[in-house]
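The two complexes that follow have chain A in common; it is paired with chain B in the first and with chain C in the second.
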Partner chain A sequence: MNAAALLLRYLAISLRGQLQYRASFLMAALGNLLNCLIELAGIWVLFDRFGNLSGWSFAEVAFFCGAVNATYAIGELMATGFDQFGTLYVKTGDFDRLLLRPRSTVLQLAGHELSLRRLGRLLPGLVIVVVAWGALDLPVEADRFALLAFAMAGGVAFFFALMVLQATMCFWTTESLELMNILTYGGVETASYPLPIYHRLFRRFFTFVVPLACIGYFPIVAVLGVDDPLGTSRMFQVAAPLAGFAFLGVAIGVWQLGVRRYTSTGS
Partner chain B sequence: MPQIEVRGLAKTFRVAERLPGLAGAFRGLFHRRMRDVHALGGIDFDIERGELVGYIGPNGAGKSTTIKILAGILNPTAGTCRVDGLTPWRDRRRHVARIGVVFGQRTQLWWDLPVIESFDLLRDIYRIPSEAYRDNRDRLIALMDLEPLLDVPVRQLSLGQRMRSDLAAALLHGPSLLFLDEPTIGLDAVSKLAIRDFVRELNRDRQVTVLLTTHDMDDIEALCQRVMVIGNGRILVDGSVAALRRRVRNERVLVVDYDSAGEAGRVDAEGEGVRLVERDASRVRIAFDPDRIPAATLIGALLAQGTPHDLFIEHPPIEQTVAELYAEHDMRER
Partner chain C sequence: MKADIRPLVAVVSARYRTLLQYRAAAFAGFATQLFWGAIRLMILAAFFAAATEPQPMNLTQVVAYVWLGQALLGMLPWNVDADFRAQVRDGTVAYDLLRPLDLYSYWFGRTLAFRVAAPTLRGIPMVLFSMALLPLVGLGDWALTPPASAVAFAGFVAALVVAAMLATAVTLLAHISLLWTISGIGMDRILTVLVTIFSGLVVPLPLFPDWLQPFLNWQPFRGLADVPYRIYSGNIPPAEIAAELFFILVWTVALVVMGRLILLRGVRRMVVQGG
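So, the complex of A and B:
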């Protein structure tokens, strides 16, 4: 059985397990839904007071917000095993069990759990994108959809990579560090607003170091069909999500280093 | 060529020394003194295909470290190891596809999944062809009597049931080499016997090579032709169970039952290679060294003194043998 099929099997099993605890699933999903709506309400209040955000309309900003929330939800959904890696695998020594199996550790952890509660962020995110799409009168075109899908795929890789990096630190610290939340939750918050409103240093950081803007702002500018006040070309905007995949490649490389450390210290 | 070839295998762990008290813990945040712990000090051994080898030693002697290195999940500090031509820690994924590992302390199954679903998932993880999988699974289910457990989630199994399921799970992909790390720990007598029978048959009928660590000397006596004793990271003895006994103390015990305590009290059992161990009512226990006095001579001498109604020869329990070996090497549990 190939890796993709195995991953699906893992996930199917995880889903069935979660559906047994219906109440817990519903509560958690509801919590995520509220979180997402409150974020949007915050943006709306801002616009209600000031009308626009340096030239960006409410619908445009809502589009950013919806897209990044949906993207993050999928990334987090797939990376639950990494999110809980320290407590579930390093502290208990259960990581040995994964090493004893003839499959990559990344694949096994991706299949650890498909956390359904994340749907509470995914669904409203997608609804916001669809409504904003209508409000902005964007043409319904295949290449716009394709670009949005590509941006989201790059974004899923990006957020997945952040979780992998967070888990990697556990090889040194045992417990999951909340440090990475600055980049995950903070990243979602940041990418909910257009990049030009931030200071130059922030823009550089989120483009070249942690390529959040490459999977959010840049490609979405192209989807919206507006000119980038920062002056980037369409070509750059369309290709930018590749940075998300590259970032994942780097993260997996770092992960392998962590695994090597684990197998030489045995703890 | 041996299936497992180990040369000069050494493992040193660096551990941070803990300073006592809260103040010490704070100081440890900034400045840590590291200490080297030599878990394995360069060991050598070969294991041939089809052998069933017992691997014993006190806690902390290096048993688990050896198993982890052989299984490919721990890198040694020095030395080489080839298992079926592969270096376990370098070719980990190819290597683990060909071995089975069972840790008595920890299950390899999915806690929330029914046993049969764990098996099915392992089929996909190990890419076992459907036909081979069905054959193996059905045979293992029958052998380990797992039928009634198949739909039970692993977390609801008793320890013995779990261990049987774990053993079956480790063999679904038909490995030719099996590592068992304390497979009988905490089991009741019936479960222990079931596990032993199973391992013996596996080794005999399927020629699966088995390396078994245990604290239960009955496991060793019941199963192993060969035993390796490790202490302080070195292999102290490597040979047959009989050789291990000989190496420590070549002594047997003759147990003689008389009709009355009075008769037993009159027995004189002192002499070259003979000593009286205890006199308990009508029973006398006499230790003797068969190299210095043949059993027949000793028995002849006893018959000349009186008429026992029963007598038999005991081997000293291997626990005692191993305890003496440890004492000889001044090993304390670390």
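So, the complex of A and C:
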């Protein structure tokens, strides 16, 4: 069986398993949906009180918010195995079993679970983008769609990479630490607002170290067709999502180093 | 009466000491909350920068609100005790039914310790950092200011004590709901959402639209965060402190009664997972 077929087989099993707990799945999906809506409500409250955010309108900020939530949801959907790696595989020693199988660990962990409850964040994220698109009167053009899809693909790679890095840390700490939440949940929160409102150090960090803005703010500015107050060129904005894929490459490299260092807990 | 209290005190202190063991997790939590605080402040300050008319809170009060919220985050009933969730899932929760203690009081003690342990570990460094260190590195505008007055401080401490009780009562409702959804995720998430928005954690409640204020002023979750933080910064004047404390207390009693009734039903229909 080739890698893709195996992955699909894994995911099909995972889906069937989750549908056994239908009530729990629905509640969890609803919880995710409400979380996403709360974020939007928070933005709306502030706009209702203050009118504008240094020149950005509510619809524009909602667009940022919806796009990053949808992107994150897909990344999280695909990387659940890495997200829960410490608790499920390292602490228990079960990672040994994965290493014995003649397939790559990345493939096996990607196939661990296709976490359906993440749909609760994906759907409202997409709806927000569509509604904001209409409210902003953006032209319906293929190249805008393509750029948004490209940005989201880069974003999925980016968030997947964060989960891989989080799992890699478990080789040293055994338990997963919530430190990576800064970049995952914190990243979603950060990318829900336009980059120029943040302090210079934060802007640099999220562009050059952890390229969150490259898969969120920069390409979306191009999709919205506005000028970037930070003065970046269209060319840069359009190419920026590539940084997400590069980040994934680095993360997988670091993961391979971690695997080499792995010693079983032996239980 | 004395004999009845002792096991509960033991439960609280044993649980508290267990939870204090996770120092690395506490550090990670501290870093996370520092980051959240910084992001929230930058967002709110950017909005304030454009404000032309006076707002129900000034930026200094909002800064205090955000830092206190980050310092005391663990006290808010936004999550459930993972150990308790595991107990429900594997059926060992049945042992609790066998203990010669009132079940609700026993769980209340355990949960209170769970709610209070995290803030002592994370809260104190957070307050030190935001009050003392930030001005030293030239970020005085972003620092947590001292309480508005001695009365405000006393009121703040008293409010925290009742808020801890209220938070425990709310967390227990989530814990009890786990008896219904076996896999242990679901109901509690929805409660989390309500708590997050209506305690003021997302946006300080006074900044919500004016037409929502009458509703916001009567719902219980504001007692968890909004009331204590605003007493601290003087946004709630000293004359109103007593009434606010009474407000939190009434809701706490109401939620405890509700929790007891639901627990009674839950125990009657509980199916223990074997294995």
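Methods note: the second predicted complex is superposed on the first by the 262 of 267 C-alpha atoms of A that agree within 3 Å, B and C clash if a C-alpha of one lies under 4 Å from a C-alpha of the other, contacts with A are read in each partner's own complex, and residues count from 1 in each chain.
In this section, a residue touches a chain if its C-beta (ideal position, glycine included) is under 8 Å from a C-beta of that chain, and two chains touch if they have at least 3 such contacts.
Just so we're clear, the structure is a prediction, and the values are computed from it rather than from any experiment.
S.K.: Chain B versus chain C on the shared chain A, clash or fit?
M.R.: Result for chain B and chain C: fit.
S.K.: Check the residue A:Y217 against both partner chains and state whether it touches chain B (first), chain C (second), both, or neither.
M.R.: Neither partner.
S.K.: Would you sort A:I197 into first (chain B), second (chain C), both or neither based on which partner it touches?
M.R.: The second partner, chain C, only.
S.K.: May I ask you to decide whether A:W133 touches chain B, chain C, both, or neither, giving the answer as first, second, both or neither?
M.R.: It touches nothing on chain B or chain C.
S.K.: When the two structures are laid over each other on chain A, which of chain B and chain C touches more residues of chain A?
M.R.: Of chain B and chain C, the partner in contact with more residues of chain A is C.
S.K.: Pick one for A:F63: touches chain B only (first), chain C only (second), both, or neither.
M.R.: A:F63: touches no partner chain.
S.K.: Once the structures are superposed on A, label A:Y72 by its partner contacts, choosing first (chain B), second (chain C), both or neither.
M.R.: Touch partners of A:Y72: none, neither chain B nor chain C.
S.K.: Counting only touches as set out at the top, which of chain B and chain C does A:G17 meet: first, second, both, neither?
M.R.: first
S.K.: Given Cα centres, how many degrees, to the nearest 10, is the angle at chain A formed with chain B and chain C?
M.R.: Vertex chain A, arms to chain B and chain C: 90 degrees.
S.K.: In the superposed arrangement, which partner chain does A:F150 touch: chain B (first), chain C (second), both, or neither?
M.R.: Neither: A:F150 stays clear of chain B and chain C.
S.K.: Just to confirm the geometry: in the superposition, how small does the C-alpha gap between chain B and chain C get, in angstrom?
M.R.: Value for chain B versus chain C, nearest C-alpha atoms: 9 Å.
S.K.: Where on chain A do the contacts from chain B and from chain C line up?
M.R.: none
S.K.: How about chain C: which of its residues touch chain A in the complex?
M.R.: Listed in rising order, the residues of chain C that touch chain A are 24-25, 28-29, 31-32, 35-36, 38-39, 42-44, 46-51, 55, 181-187, 189-190, 192-193, 196-197, 202-203, 207-209.
S.K.: Show me the residue ranges of chain A that touch chain C in the complex, using the header's touch definition.
M.R.: 21, 23-24, 26-28, 30-32, 34-35, 38-39, 41-42, 45-46, 48-54, 173, 175, 177-179, 181-182, 186, 189-190, 193, 197-199, 202
S.K.: Mind listing the chain A positions that touch chain B in their complex?
M.R.: 1, 5-6, 9-10, 13, 17, 93-94, 96-97, 99-104, 260, 263-266
S.K.: Sort out for me which residues of chain B touch chain A in the complex.
M.R.: Per the stated touch rule, the residues are 13-14, 65, 68, 71-75, 89, 92-94, 96-97, 101, 103, 106, 108, 110, 112-113, 117, 121, 124-127.
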